[in-house]
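What follows is subunit A paired twice: with subunit B in the first complex and subunit C in the second.
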Partner chain A sequence: MIKIKALHKNFGNLEVLRGVNISINHGEVVSILGGSGSGKSTLIRCINGLEKVTSGSITVDEYDVADKKQLLNVRKKCSTVFQQFDLYPHLSVLDNITLAPINVLGEKKIEANKVGLKLLESVGILEKANNYPAQLSGGEKQRAGICRALAMKPDYLLLDEVTSSLDPEMTAEVLGILKNLSGKGITMIFVTHEIEFAREISNRIVFLDEGVILKDLSKEHFFSAEGGCLEPRIKKFLSKMDKNNG
Partner chain B sequence: MLDLSAMAGYLPEFVEGFIITAQVSIISIIGSFIVGLMVALARVSTNKIFNFISLIYVDLFRNIPFIVLIFFGYYGLPEIGIYINAFWTGCLVLSIAVGAYVGETIRAGILGIDKGIVEAARSFGFSKLKLYRKIILPISLTVSVRPLGSVFINLILTTSILSTITLNELTGVSKVIASNTFRPFEVYVFLVLLYGALTFVISGLITLWHKRLNRYLEEGV
Partner chain C sequence: MGYNNEGFSIYDLQLLIEGLGVSVWIFLVSTIIGLLLGCFIGLVRFYRIPILAQVLMVLSEFLKNSPVLVQLFLVYFGIPALFAIDISPFQAAVITLSGNTASFVAIIVISSIEAIDKRQLDAARSFAFSEVQIMKCVIFPQSLSLAMPLLVSLAINQLQVTSLISVIGVVDITRVGDIINQRTFEPFIVWPIIGLTYFILAKVIATVGSLLEEKYSAYRMVNKL
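After this line comes the complex of A and B, so read on.
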């Protein structure tokens, strides 16, 4: 379970997160929605320890993110998929996937390779195993990025706008893969602008607005007439997104 | 008229000088690389003390003429009881002084790395050591290998100054041969060719290294 309590995050004088409380249980698929600058990425980056929290606490299972010694355990449990892929450019796709399992988890290379190849096969880019990231299309890169995250056998998968750098066709590819994953018991927290997709795969929607959670509802409730739409801010957001996607 | 045949009798001396120059060069390239690596890591470290010391180091050794350093090492240190022969004084001072340039070159490469890639790596829990060894240094070297090549070529050319502390490297023996034969023109033409050969080999090696490090940018492997 990920437990976030009274989380505040400031950048200098700018208050980006202003008291976020949220608990995420095992197996949940949570979509985080919200306008640009509302603090979605910052929230994700606080969970995997890339940003230091200003106050409040985040625990992942029994581990405290703010504790330097426990952070490693947090990072072993949470894997992140990034908007800009951020693959290691000097390594082959397979080595990208196995680097952390070998060097962080201490897995044997043969084992890690086996797992890596299996993952690549499952996302349909097995034949790219020995290519470098520069030789892949955006969609293929992100598929490799997902494999890299899954190779750590994480309990939690954090995804921050993982399709925003992709064209519609590649977006569909990647969303298809994520949809497959969502049925498999892995806890997913993803920031997305794909409302339709969020509606399709998540069981819970969190709407972030100017650093506070405006609504935290089950998907059915959120999209129903007496759910998120009652909030003018959310109504506006949803109608704008619908226009963008239509 | 250019008459290189007059040099034939001195070939063994040239070869000896060449070997000493090559030895000093190779040892100092390795030495300055190790020094430079430490300087670069200290420069980008989050530790304020390391930052400060390495900054002073770089500023100091980039702002003192090499010949002053080498005189200090060879003629100065014995006064306080430290005796090192000309060969090792050369290697030591070159490693220390050129290390400052190597350090700045490697540091520039490290600073040029895409921040997102480093953050992604950090999010996977790599230790600092692993992060540098497996990700940051390999990526940064792909960029800094070319400028490093220039630094190393410069190092080779600088070894000629070691003739001023009695080391019979290439330039040192050439001076002697020139004054013995009264044929400075031929001697120095020969010298130019030999330095050219040495730097040519090093450039070649750097190019190969660059190619290897940058193979990931090539199309369709």
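After this line comes the complex of A and C, so read on.
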């Protein structure tokens, strides 16, 4: 379970997160929606300790993100998939996937390779195992990024706009893979602008606005007439997104 | 070589080979020390280790921005005067060239580390790598590939710089050229041969360098396929 209590995050004088409280249970698939600059990425980066919180607390299962030693345990439990993929360009796709399992988890290379190849096969890019990232299309890179995250056998998957750098066709490929994952008990927290997709796979929607949570509702409730849409800001956001996607 | 000229003898060839040995040896020793020292300075400055980073920065800026000949005189004449110890021309040459090489290597190290995309480092951190592992697995292999061409051209430049040490009496190739020239008065035979010798050495370094470059840059070449 991820517990975030009274989380504040400032960048200098800029208050980006202003008292965020959420608990996310095992197996939940949570979409974080919100306008640009509302603090979604910052929230994700606070969970895996890439940003230091200004005040408040975050715990992942029994581990405290603020504690330097426990942070490593948090990071072993939470894998991240990045918007810009951020693969290691000097390593083959397979080595990208096995680097952390071998060096961080201490897995044997043969075992790690076996798992890596299986993952690549499951996302349909087995034949790219020995290519460098620069030789892949954006969609293939992101599939490799997902494999890299899954190779750590994480309990939690953090995904920050993982399809924003992709064209519609590649977006569909990647979303298809994520949809398959969502049924498998892995807890997923993803920031997305794909409202339809959020509606399809998540069971909970968190709407962030100017650093505070405006609504935190089950999916059904959020999209119903008496749910999120009662909030003018959310209504505006949803209709804008619909226009963008249509 | 001109055996029809009475001025030259077979011993000149021997002298030349000995001079070559001295030049190559000083070059290798000072390059290896310079590389190690330069990496150390570069890392200290990259991780901004307090005090040490500032001291090393001032020192390496001085070494980078003053003539090597001045540094050589400072070491050769300054150290004995200051510490009342004897220092051989060879030692002075190695100290000077190592320090000078290190100051340039440090810059190359810092810039090639800083050239790595910070987002990749965040990615590695998010997978629970330690900072040391990130340096070893993610930064170093890529930085090496960026640094290699710069290091190779630095090495070729430092090879030419070794000729300066002849002024304090180290019998390197240049000094050998000087000795033979003074005896034979054949500057247009002697100096082209000396020049050619440096040229060949530089080519050897360039060839070894491009092999290393290829080895460490494989991943950057794929874009050009």
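Here, the second predicted complex is superposed on the first by the 246 of 246 C-alpha atoms of A that agree within 3 Å, B and C clash if a C-alpha of one lies under 4 Å from a C-alpha of the other, contacts with A are read in each partner's own complex, and residues count from 1 in each chain.
We adopt the following convention: a contact is a pair of C-beta atoms (placed from the backbone, for glycine too) under 8 Å apart; a residue touches a chain by one contact, two chains touch by 3 or more.
Fair warning: this is a prediction, and the values are worked out from it, not measured in the lab.
Asker: Is this a clash or a fit when subunit B and subunit C both end up on subunit A?
Answerer: clash
Asker: Classify the contacts of A:S55 with the two partner chains as first (subunit B alone), second (subunit C alone), both, or neither.
Answerer: neither
Asker: So, A:T80: does it touch subunit B (first), subunit C (second), both, or neither?
Answerer: Both partners, subunit B and subunit C.
Asker: According to the stated criteria, A:L99 is in contact with first (subunit B), second (subunit C), both, or neither; which is it?
Answerer: Both partners, subunit B and subunit C.
Asker: Answer with first, second, both or neither: which of subunit B and subunit C does A:S164 touch in the superposed model?
Answerer: The answer is neither, since A:S164 touches no partner chain.
Asker: Determine, under the contact definition given at the top, whether A:N130 touches first (subunit B), second (subunit C), both, or neither.
Answerer: In the superposed model, A:N130 contacts subunit B only, not subunit C.
Asker: Could you tell me if A:N25 is touching subunit B, subunit C, both of them or neither one (first, second, both, neither)?
Answerer: After superposition on chain A, A:N25 lies in contact with neither partner.
Asker: Check whether A:S239 is in contact with subunit B, with subunit C, with both or with neither, and answer first, second, both or neither.
Answerer: neither
Asker: Across the two complexes, what residues of subunit A are contacted by subunit B and by subunit C?
Answerer: Shared contact residues on subunit A (touching subunit B in one complex, subunit C in the other): 48-50, 72, 75-76, 78-80, 82, 84, 86-91, 99-100, 103-104, 131-132, 134-135, 148, 152.
Asker: Would you pull the subunit C residues touching subunit A in the complex into a rising list?
Answerer: Spelled out, the residues of subunit C in touch with subunit A are 117, 119-120, 122-130, 133, 137-138, 141-142, 145, 219-220, 222-223.
Asker: For the complex, give me every residue of subunit A touching subunit C.
Answerer: 48-50, 72-73, 75-76, 78-80, 82, 84, 86-91, 99-100, 103-104, 131-132, 134-135, 148, 152
Asker: If we count contacts the way the header does, which residues on subunit A are in touch with subunit B in the complex?
Answerer: Answer in residue numbers: 48-50, 71-72, 75-76, 78-80, 82, 84, 86-91, 99-100, 103-104, 130-135, 148, 152.
Asker: For subunit B, which residues count as touching subunit A in their complex?
Answerer: 114, 116-117, 119-127, 130, 134-135, 138-139, 142, 213, 215-217, 219-221
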